[in-house]
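The following pair of complexes shares a single chain, chain A, combined with chain B in the former and chain C in the latter.
The block that comes next holds the complex of A and B.
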């Protein structure tokens, strides 16, 4: 792992700490009150706050997870060089696109 | 180092609490990375129609799925706590108490997962 990726991995991890705590608290709260599409969408639809919260979360998670997948592949498989870079970018872009679609679905659709 | 000594050394580090904490952090990260695309796809169902999302959420009422959900919350909690452990070890002066911190992290994650599971039942 290059120094830049190493630092980015740590930076995204540190920034996600409060977001994950908030997400876990929301999961526990929502589960206690019964999870339904109406309950989820009632909370998120039209909410700029949730859009920003989950927008940042998806961006950080996509970067963190793709760098992590690259590290694991480098340690535990024979992949080296360009294939590792393609794997990292491919997984990161996939997560970004699916995450953006999910946010659009629960906030704006 | 002889082959035997090398094997003993290799086997020895696997009993180390730090090694266990590192492998738990890595495996929980891999499993979360596998889950994330599915999680986003399910939320994306709301684009098509609310009923599609509700249909999926009804499926999550099954006991086996509830157990899997508790497992996912456990993975997220354990990865969070393992990550905090890594950030502390790398950025603060190394202390012997960090082994206890690693153990406490795993234990706390277990309690969070258990809490979620009990509330969900």
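The block that comes next holds the complex of A and C.
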């Protein structure tokens, strides 16, 4: 279990690298070209590409961060076994919901 | 320079306090010499552990001015701060009394990490030929000189946070056997070090490498175990 989570956390980190570069490049482009919020929304609304890009990003981030929180909790608290698993899943689902809400706001609403 | 050192030594078990002593300063004096002076001349009830006095047996490690050190090879003049030296028991281990710690869990973890050699041949087989320059033996050489002193274990944050963590010394030992061509126990060993509290609990803080008196880098050994366990997982040898 620990080995699988360790592997999954590293895999999600590796997969996030190009997404982070893309995300930062988008931010720099938008700020340097003075793209307004309305113009950004104009480009993202209804865009399957942006939905997939950030959908994947949110999914990977939720998996990566929740495994990390599990490790921190294992080190810094007396939680073990099932409570740790519940914490990991709970945190992961929370991040997934928050991320999905943000994507919905810029792509679908 | 004053001709005495102000020494503060931990007395007691879990409950206890630092007690001050004054010890004459001598040339080439080690921290172990200081502790021995206190026991022989000032307070014979002081408990501590040592054997060889020359950095081989690994029994005299203590916390000196906040850092874990082998006291027999630590010169007082190198660690003394403002004429004072504080000497306590190793961290992350239960205190038996004064400066003597209970190493039971430390060595149980060596067994848990499958730190014992598992022979693949009998005495009737030919002696294995291990080339000193072979990559596996080079890895063993980097890690083999451990004297089991517990300094890395006391220095490790992960051990402090997670009592189930096997610790740098046991994992370093496992790494030497993983690279031992004569050993036949690697399937069980890799499973043991990949379990909860195993090599993946290491956060690569490198305190072990920083403090190891033998200049071993257990963090590198643990990184090797991480790679090897992942390889075993990919190939289906670990489930």
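In the analysis below, the second predicted complex is superposed on the first by the 105 of 109 C-alpha atoms of A that agree within 3 Å, B and C clash if a C-alpha of one lies under 4 Å from a C-alpha of the other, contacts with A are read in each partner's own complex, and residues count from 1 in each chain.
Here is the rule we go by: contacts are C-beta pairs under 8 Å (C-beta built on N, C-alpha and C of every residue); 3 or more make two chains touch, one makes a residue touch a chain.
If you're wondering where the values come from, they're calculated on a predicted model, not measured in any experiment.
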Go through the superposed model and pick first if A:2 touches only chain B, second if only chain C, both, or neither.
second
By residue count, is chain A touched more by chain B or by chain C?
B
Scan A:74 for contacts with chain B and chain C and give back first, second, both or neither.
second
Check the residue A:35 against both partner chains and state whether it touches chain B (first), chain C (second), both, or neither.
first
Touched partner set for A:88, first chain B, second chain C, both or neither:
neither
After superposition on the shared chain, which partner residues are touched by A:109: those of chain B (first), chain C (second), both, or neither?
first
Go through the superposed model and pick first if A:99 touches only chain B, second if only chain C, both, or neither.
first
Per the definitions at the top, what is the overlap between the chain A residues touching chain B and those touching chain C?
none
Note: in the complex, chain B contacts chain A through residues 26, 29-30, 32-33, 36-37, 39-41, 43-47, 50-51, 53-54, 57, 60, 73, 76-77, 80, 83-84, 86-87, 90, 112, 115-116, 119-120
Hey, which residues of chain C end up touching chain A in the complex?
158, 161-162, 194-196, 198, 200-201, 203, 226, 229-230, 233, 238
Contacts from chain A onto chain C in the complex sit at residues 1-4, 6-7, 74-76
Interface with chain B, chain A side, in the complex: residues 10, 13-14, 17, 20-21, 23-24, 27-28, 31-32, 35-38, 40-41, 58, 61, 65, 68-69, 72, 91, 94-95, 98-99, 101-102, 104-106, 109
